[in-house]
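Listed below are the structures to be examined.
Next, two complexes with subunit A in common: one pairs it with subunit B, the other with subunit C.
For the complex of A and B:
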């Protein structure tokens, strides 16, 4: 009993752990308290003065973010005084705000806009000209800062202090001249820059990559897992399904793994999914010429090649970029049903698997190493260690090779070089989503694969924790398949496709 | 010289241990530096980070927040003009405009004066009041200010 407190929030009794603030309790109870500077992943600053609540018996309104809930406290978030405080608070924040919403990327997901519609909707009483400040400041490879839009909530300053511990940002000068910035001309260089864009409640920080690309209200969001490394951050991919184009990645809160953040590398994991870098349809070498063919035809020819060569001359080369479900379907079909015995792992030679940057990023840049090893151990009946077995695979000289190619280009820069080493094998079927793979010589067929955002399933991260790819977009390449779907097609009775 | 003078270093060090965190000592440390070198130079901020472990951003935040820290080299004559209520009522604003004109009349880079508005100088009976370095001038007005300034020559 002593570890919790019960207090009244609006018309409801709320019990929370001792030490919680009213803001945390309200968040849990889904009571909306408008705020700018408070963020669940950062310390309490109490500078925006916007999360005002009425506490029975208190002389004045209190800020919910810094108000510890105590036994028997009676809190209301909807009194006329609170509404009045919001109105004036908002007017104060808007005094020098440029109101350039029509050209601002934040429009549609902006705290100022949202709260103005909720609690504002009054004409400004300011008649004096607004203070002008530096605009479009280049603060780093991924960041643009507009100091006029900034409301000085200090979230970014605290992020730099508390999360990356780089202390790169500060609030300089004071009063209406105060601006956020770095020391001198310094740039922010760490791998977590775009989190600043995420936590900025207004459009002060914008992402260089996403800037002016798309209005946020046209974007659809799907929950999935970042395929950039073995941490397995929970993310949200934002895309336009009508254009089949992926625009950005944002972290989703997952206290156990990534908290509120993700790294910048992870934000780039959607680039290869867009049409310009995608393998759109199956391709095959027919009489020395590369031709686009229907997927069933390419799979059919693979099947006949396996039948001709025999399972003992067939090998599988598998990267750790696919889901556990896909590995299981893949091994079920090729190993259990067809009797293929030789499976090789395909990874980078130079990877530093145990590297860790102290925040999120890990040196094992394959999202599902643990899942692949578990599936391999199961099918081979012995414990399998992670290693690159490409050399052994080539040395065995199989007649047919089915290769599950790595998906994310920047974590598998060795991919193109490795493809050249497969040249001597008579039938190589590449299962890949990357168009660049079609440039390789000596490949027999290319099967278009779905990307991570286009399939459901799960990865096992570095701890072996299950990371669920919850939702899937329709594929940007119409005929792309997941490994599960491809195997299902292979297992179907032979369609009568004539070559 | 690429660090503070040894005697100043000692003083800075003793300030840094006076408070719970070194960050709390930024204010007095900056005063020490300003008293020693007349103004706070970018190098000084860098040295504070390198030699004393104070974040440059934290130091610069403090230095830019308070108006009494000088972040530019001093002119030979620093005018501190009271812009508080009583002096304002006695026309300080207009006299300051006149001083700005005076400053503007020098060729670029040749002006020996700097002008800063300050709160009360404690001589409201002599409003409007100003200090030029350590000299006190009372009842400064549009007519006599040019003559006062003209008496200061480099």
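For the complex of A and C:
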């Protein structure tokens, strides 16, 4: 077999593709080789000198990140010499480190801290004054840099070179005076800043939005898909369920979709999920006044409106922010069962949709466009794409309109603006998770919806790749429903609450 | 006693740097001879001569040349004229005597490895040498030794002179390449080695000035004549820079395997003012210090000095007199390496700073005698852990001094401390 090599890693024979490094092989085999500067999404720097391994026959220890596995090589990660190198490697990393863990946001997820707990737990031998460097340096709208905490692993510099290709960061000066910085007074301005916070193995880069907000060990994490655009990055949402508050979003690895990264715009897609932004209950316009009502009452009134107007005078206005499962349930009920024939899809402006920044962000800022189109293709009826032509389309007379509002702020605000242009519809039922939507004019009833992190299901991204919203948090809005649940309630033979 | 003169053969010749003088003494004949030969033959001859890199590592030159992949389309030859090792002043002496000797060596080397473009990388502090070198390059171009169709052949070799900013780390071959590429002078991770992927990602050979300058003589006189000098494993001659309180400090060309004591006490005239020999650094600042007892029969060749626990390095022999406080020497050394560490690799960046920081503590009267053992331990764990050898260069002399002069250093700390009053 010419394309693979087999070598010995500790007590096991390991076969990996030719050209792989020992580090890559160890990752695959779940053998832990501690490292700071190596990152699977970046080039090899080989500067932290931490991933030392013992190679039989070699004169000295080798770094696993730049050591290509060769046939018959014998590698050990646990010899006394390796352990000694780790201990001293850690000592070198820590002598000038401020050790301000109690006030550092990275505490709890810090490479230095974790590794100290694993191999350290000894008093420092450093008894001299430490090297002092600039702290709390403002490097951009989302970034703060503490150059004292920095271990100069150069991950951030390589990210700027290789991923965003903006080359905004450099290492200035040399020796133990070296610091990370931008050129002159420049600030980092791109849409991928917080990846620098993610890849920083210590607390040097912190996020302006997250710093000092929450200790990471109080956060619960759930895997889901970013609702920000049609790329559909795999993400992890971090929240405190006891407070029903979302704090941050981190990318997860999905080689085929987002690799290791996500954009900053995507990181802002959680704030609307917090309690203060949520529509907690259904609302209705009763005698010209907005009133909070139980969800069944609002649904019941919608049902009666449809019954009165007839399916031919009912239309659906659908945005591409809901799961495949939700669309199926929605169309199944309204189109197949009730016979609604008019469906408007709202997907933003056509001219913006094909935009792509060359990294991850796409102009189609809807996470499930492909899923919506696939679901639509299975039903009969008049399907109109409505954005610029919305008023003209809707003017063709529906008396009842059921609108699925996009959930992330930057698209939903836009959607609501469009909705406000509609006049003459007797009942508009807006299904939304956002409290802000109750400000919109011309709406008859508001149904509180669950956000993307509060439900399971699937999105199809721009490639048609099916990705799962794996886990759901409890909703911050107590009576929020998914579209599936709302439709189930509508389909009940008799409404459970009547006025 | 007469010694073979290869690199210093232009000593005492008037106007020795001029092209006319060089030509009069057989200059560019070796290049003329070689350009008709196949590159493999030239490499074989240099391999056979046993010439080893004079920058410090002593790697066989012909072998290095043979590492360039045969299929390579663009190959670069770089001359490392950065000469930054403290105590070393031999390469500048070659430029002072005969810059054309280097140019001719580079033409031969470029032909052997298939390079059409060569660079000399010189540190900016060599004001005069830079000027002399530039003049020589201009002369060589005018005379048709460089450029298109040089010496009437179809070959084209261009030579440029690049002036570095004087960082020690740019004398490390991959640091030099980074610097020449216009980047921060930081050594590159190996593999890949420069012979495969060097300057601008192309196969590159980096040779020291002294190495390249020896090549024309070897071509003219043959491998056997070169091997006749020196020892079996360290053939040829080498320039030794003797500094310190000796009567005649300077550059001496001697066959390798020459007795160190003879060099210091006969050739350099011995110690001045009745000073006694306390120690010798035999190969530049990064070479471990040797005690008088250790140099009794020591010869100046790669193997003998390695066996004595030090290294031949750049051939910078630094003589340390009895009245030299070793703490002072240690301070100068660790401060130098602290200042010059590029800061890439953690053990070196932090380690060199830590060493300097602890030694600083002596001046501040806060050091403790056990700091000497700490210095040794830090140095021990800096060694062999980094991309380039700067960390080792700082660690090796620190280890040697703290080991061999532990008592003196501790006494200094005690006398200097609040304990000692």
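The rule we apply is simple: the second predicted complex is superposed on the first by the 479 of 499 C-alpha atoms of A that agree within 3 Å, B and C clash if a C-alpha of one lies under 4 Å from a C-alpha of the other, contacts with A are read in each partner's own complex, and residues count from 1 in each chain.
Methods note: a contact is a pair of C-beta atoms (placed from the backbone, for glycine too) under 8 Å apart; a residue touches a chain by one contact, two chains touch by 3 or more.
Worth saying up front: this structure is predicted, and the values here are computed from it rather than measured.
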If we overlay the two complexes on their shared chain A, which of subunit B and subunit C does A:410 touch? Say first, second, both or neither.
neither
Touching A:93, do we find subunit B (first), subunit C (second), both, or neither?
second
First (subunit B), second (subunit C), both or neither touched by A:183
first
I'd like to know which partner A:212 touches here: subunit B for first, subunit C for second, both or neither.
neither
Using the touch definition from the top, say if A:44 reaches subunit B (first), subunit C (second), both or neither.
second
Contact-wise, after the overlay, does A:122 reach subunit B, subunit C, both or neither (first, second, both, neither)?
neither
Does subunit B (first) or subunit C (second) touch A:167, or do both, or does neither?
first
Of the two partners subunit B and subunit C, more of subunit A gets touched by chain C
So the subunit A residues that subunit B and subunit C both touch are 170-171, 173-174
Within the complex, subunit A is touched by subunit C residues 167, 169, 184, 189, 191, 338-347, 349-354, 357-358, 360-361, 366, 374, 381, 384-387
Give every residue of subunit B touching subunit A within the complex, in rising order.
42, 45, 55-58, 60-61, 64-65
Quick one: in the complex, what on subunit A touches subunit C?
44-50, 52, 59-61, 66, 68, 84-85, 88-89, 91-93, 95-96, 125-126, 128-129, 131, 151-152, 154, 170-171, 173-178
Over in the complex, which subunit A residues touch subunit B? Could you list them?
167-174, 182-184
